[in-house]
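Two complexes, one shared chain (chain A), two partners (chain B, chain C).
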Partner chain A sequence: MVLVLGEVMTAALRHSGGMPRERVEDALGLLAGERVRISERPIGYAVSPKTFTGVDCRILARSGAKVRGVGTLMGRACLTGGRVLQSSAVARIDPVGGGYRRAWSHYLARLGVVEALGRTDLPGTAAAHLAADRSSSTMGMGAFCVRLLSEIQGSPVLDKSTPVRARRTVLRWAALIDERNEGVRVRFAVREDGLRTVRLVLGPAEIDDIVDLCEDLALHDWLLTALMSVIEQSQIGVEQPAQSVLKLRPAVDHLLHLWMPAARLGGVALSVWEGLESRPGLSRQWDASVRRVRDQMAMAAALSSSRPPESARFFR
Partner chain B sequence: MLVFAASDKGGTGRSVTSCNVVYRSALTGSDVCYLDFDFGSPTAGSIFQITDAQRGVRQGGLHSYLLEPDIQTTGEPQRIDVWTQSSRASLRQRPPGSGKLMLFPGDQDGGEFGPDKEALRRCVQLLQALDEEFDMCLIDLSAGRSYATQLVLEATADPALRGVAARWLVFHRWTRQHIPAAAGLVYGKDGILDAGVRAGHDKDRLQSAIKFVRTAVVDPDSIELSGLRPAQVAWLRDCDEDLRRIAALHQVGRRAMLGTVPLDPVLQWREQLISDNDVVARDIANNATVDAFDELARKIQDDEGWAEP
Partner chain C sequence: MGRAMRADAEFFETTADARVESVPLAHLSVELGHFYSPDLRQDEEFFIDHFRRIGIWYSAARSACEAMVPRGNPRISTCVLIDDYFGQPASPSALIRKLRDAAGKAGLEIDYLVRESGCAHTVAKVDPDPAEPVETAPPGLSLAHLVEARLVEDPPPNSTGARPPVGQTGWLCNGQRSPATETHEAMKRPTVWRPPAENAAVNHSIFEDIELWRDGPDGRLWSCAMLAAVWQLLRLGLLRDNGRRVAAPHPLPGDLPDNWRALPMVLQLNERALPFNAYRAMTICAPLFLPVENAVRTILQQVAVDPAVLAQVGGRARDEGVALPLEVVDRMEYLFVDTGPVRGAGPG
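Let's look at the complex of A and B:
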């Protein structure tokens, strides 16, 4: 069995309007010297080169047992639609016998791997990773994500104005990979403190594909969360429609066109999305929210055409 | 927007006024948060009436976030949703259309600290993340020339926060001692301007982002004083005139002032939020006080009053 742990942090890019392609490269290129990978279809997407950070820390198992973990975390950042920024921290946990730390050259030859020195309980480690509070994350993955995100958000290329006010979300995931597994099992949970967790049990898979999948889940969960909070703030039914529409506007300008589940994914990831859509029904909730926004716009437009011109000004 | 609340002396009403201003802003629909950077005596929890955080929290508050960078933490300090966590019933009924009202408490066993590179980095990251989420973040600093003040001056000079609006409120009582003291905190040696320039700020720009707030002011013409004898009122008026002169002399006059909060009986008695209920139904607080908080909340966000000369 192989255990991969990760965390994804998602935020609105601090830039008014979408980022043009040339600037995206400057912003994401901060992380390392290598090139930013960019694709335009089916949606604008850019991903930074991988970056690594060394760790030497305690890894907790659910039973409360601790082992020492030494190695490196892989980090990267990506930008979708020129607007939604994400950073990821990922590590494969390799149990090794013997309780001593090797020279760094050993770990540098295995980038993205953390060796757990001593008796390791992989399912227990996965459970502890997912059960922890938002404020305490395994191997400092959370702090690593914050660092990657902050560096980009502070880039001089950005104008620092945030189009939609939203809390950064954290999605923490654990993937248990076993040759003998057929298909995938996925458990997605929304926790009280704004934390999301994803537990995957699957057959042979590439780590990069799992990271892509988890970032895609985090992206759509963030979009839904942000849209719902904009709707709540707009006070549909309490405020005048024209007022509500003013507040809904950022969602229309910056969020609605970004919903494209699994657009860039294939294989295993697709079947995970299919599984998720059948139960919590993320897309169903999204569609219903989008309908509320559109209905409100339509109603406000209808009302304004029968009113004096000053209330129509919102719709130019 | 970042708003820093400072004062030279303790007990000026900096925390109470700030908490009320943040509360009034949330009522008007802004998403706001209050950061207790008064590490020596974090009292915001008691003003918002958060039972478990009267004097700060036991762990994970702002002080430990900045100073104990444990590898296991995510880099987020503890937050308390005032609308759901306050023990005050009238606060727990969040009015429709109101914005977020979040408290970032200090730690019980905090205390002042000295320059620290890692704390600076974390401070920048925190302000950046909160500015993404909130329309206004109010940071309550310790009284006097504290390290907290120096820290945020350095943080706001960091390129990562360039382009983020940062405004300063300097609170002082309307007395002969407090007026020069407040002026000293801004214009004096090692004051905010001095320290700001050393941190990399442009002096004129920084100065135009600093305004004074007068607290617990007795207005000689208010109806509360209608019982006074004419000679007493005349004397109070003379005092007020005298204070105005002193203020102008110290560059703390009208042009540098953002607002005035009148002396209020409820606040005199204890530190708390004043709800509309306290004014209207219970008739214990003064309407003028709430008006003053509303006005401050509005002026803080109004770009016009903050333009560079």
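Let's look at the complex of A and C:
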């Protein structure tokens, strides 16, 4: 069995205009001499080179026991549609016998792996990772994500103004990979403190594919959260339709076209999305919200074109 | 989700691809000398003596490599490194002739001659892409910058991902420093001394603190240890710039300029030479260089080489039946021997 832990932070890029290719490369170039990978189809997407940071710290297992973990966390950032910025911290947990730390070169030959020195209960470690407080993420993954996100948001190529007001969200995930597993089981939860958690149990899979999938889930969860927040701020039914529409406009300009679950992804991601759509129905909620925005738009348009302004008051 | 997304068609975009260029590889690269200005000024006799002494151990390194390589047909190349960074050696034509003649008289052949400042200065693109206009090409980075970007520091115990990368001081260590011991102004009494600690100590610590660079009025001056670390990674074929190979060897031009900087970093002196880059690197040098090489090892233990490059080189070794250590530091070997009255870098 293999355990992979991760955390994804999602936010709106602090930039008002479009992002031409060179600017994206400047902003996401976290590592000198390494390419930012960019693709345009089926959606604008750019991903930074992988960066690593060393850790030597306690890892909590559900039983309350702690083991020492030594190794590196992988970090990266990606930008979707030139608008949504995400940073990820990821590590595979490899239990090893013997309780001593090796020379550092040993760990740099296994980038993205944290060796757990001593007896380690992998499902317990996964549970403890998902259950920990929002502020105390495993091995400081949250702080690593914040650091990556801040580094990019502080890039001089960005104008620091955000067209869509939306909260930053955090999705914490754990994937248990076992050769004997057939198919994939997924549990997506939104906790009271706002933290999103995803627990995956699946068969053989590439870690990069799992990271892609979790970032995709976090992206769409953030889009939905952002859209609902825009709708809430627009005070539909309280404000004049024309006023509401003004406040809804950023969603139309910057969010609506970004909804494309699993657009760039393959096998595992597709089945996870199918599984998620059958129960919580993220897309159903999205579609309903989008319809609500469009209805407001249509109503405002109808009101402004078919009636002189003074008679509009009649409907107040 | 939309039905169209379930179709079997896939998009392939080459820009989203993270491939790395491959380089020709010998089995072993043997360094026959690392010469600084005080030594480069010596006459031919000095170099003949140097290469005669090195030659004995070169044969030993050759035999060891033959025994390791399947079917006993090893690819070995030799190189010398000259310092044109801290000092200014004599003109290329005079120096190259002197070194070649001396090696020949001692029964050795220098395949490649390398300029150390090539590790520190921005390297011009060797083969500019004709599709890419020169003026819009990104400014190149020095090899030292490329290596510095890949440093992943050895974390002391109780470090999490919250620990910011130090990287601002120009110093790299293998543990935890002893806290500063000056009198604390507010308290007017000295803080208690605490020892430094090596992170991976075996019972007792051997703590090292290495200066990588110093920024001065004339810009950044890289340390000898940092440049030597870059040099070792280059020999091992593990450096890339945006996936492209760096510092490819160039044949010696017919007309040699007076200025070393006008020459490519890696000069191929021997037409029949086997590849410059190699799976393993053997350095034969005087014990005088041991502290620098120890620092090189400490630096390289904290350089995270691109996993794609490591996998590529590892895969090629496997295909040839060559055993290759997973950790980069284990690919470097040394013979510290008496190479004559060598002066090294000197105090300047």
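Keep this in mind: the second predicted complex is superposed on the first by the 302 of 316 C-alpha atoms of A that agree within 3 Å, B and C clash if a C-alpha of one lies under 4 Å from a C-alpha of the other, contacts with A are read in each partner's own complex, and residues count from 1 in each chain.
Following the convention adopted for this analysis, contacts are C-beta pairs under 8 Å (C-beta built on N, C-alpha and C of every residue); 3 or more make two chains touch, one makes a residue touch a chain.
As the structure is a computational prediction, the values presented were derived from the model and not from experiment.
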Touched partner set for A:Gly64, first chain B, second chain C, both or neither: neither
Touched partner set for A:Lys160, first chain B, second chain C, both or neither: first
Per-residue touch tally on chain A - higher for chain B or for chain C: C
Partner chain in contact with A:Ala143 - chain B first, chain C second, else both or neither: both
First, second, both or neither for A:Arg35, with chain B first and chain C second: second
Partner chain in contact with A:Gly98 - chain B first, chain C second, else both or neither: neither
Touching partner for A:Glu239 - first (chain B), second (chain C), both, neither: first
Residues of chain A at both interfaces, chain B in one complex, chain C in the other: 55, 57, 139-143, 147
Chain C-facing residues of chain A, complex: 31-35, 37-42, 45, 52-57, 70, 72-73, 75, 89, 101-106, 108-109, 111, 139-144, 147, 260-264, 266, 270, 273, 277, 283
Residues of chain A defined as touching chain B within the complex: 11-12, 14, 55, 57-58, 134-143, 145-147, 150-151, 153-154, 156, 158-162, 165-168, 170, 233, 235, 238-239
Complex interface listing, chain C residues touching chain A: 1-2, 5-6, 10-11, 13, 15-18, 141, 145-146, 148-150, 152-165, 174, 199-200, 240-243, 300-307, 310, 326-330
Of all residues in chain B, those that touch chain A in their complex: 29, 31, 60, 69, 71-78, 96-97, 99, 124-125, 128-129, 131-135, 158-164
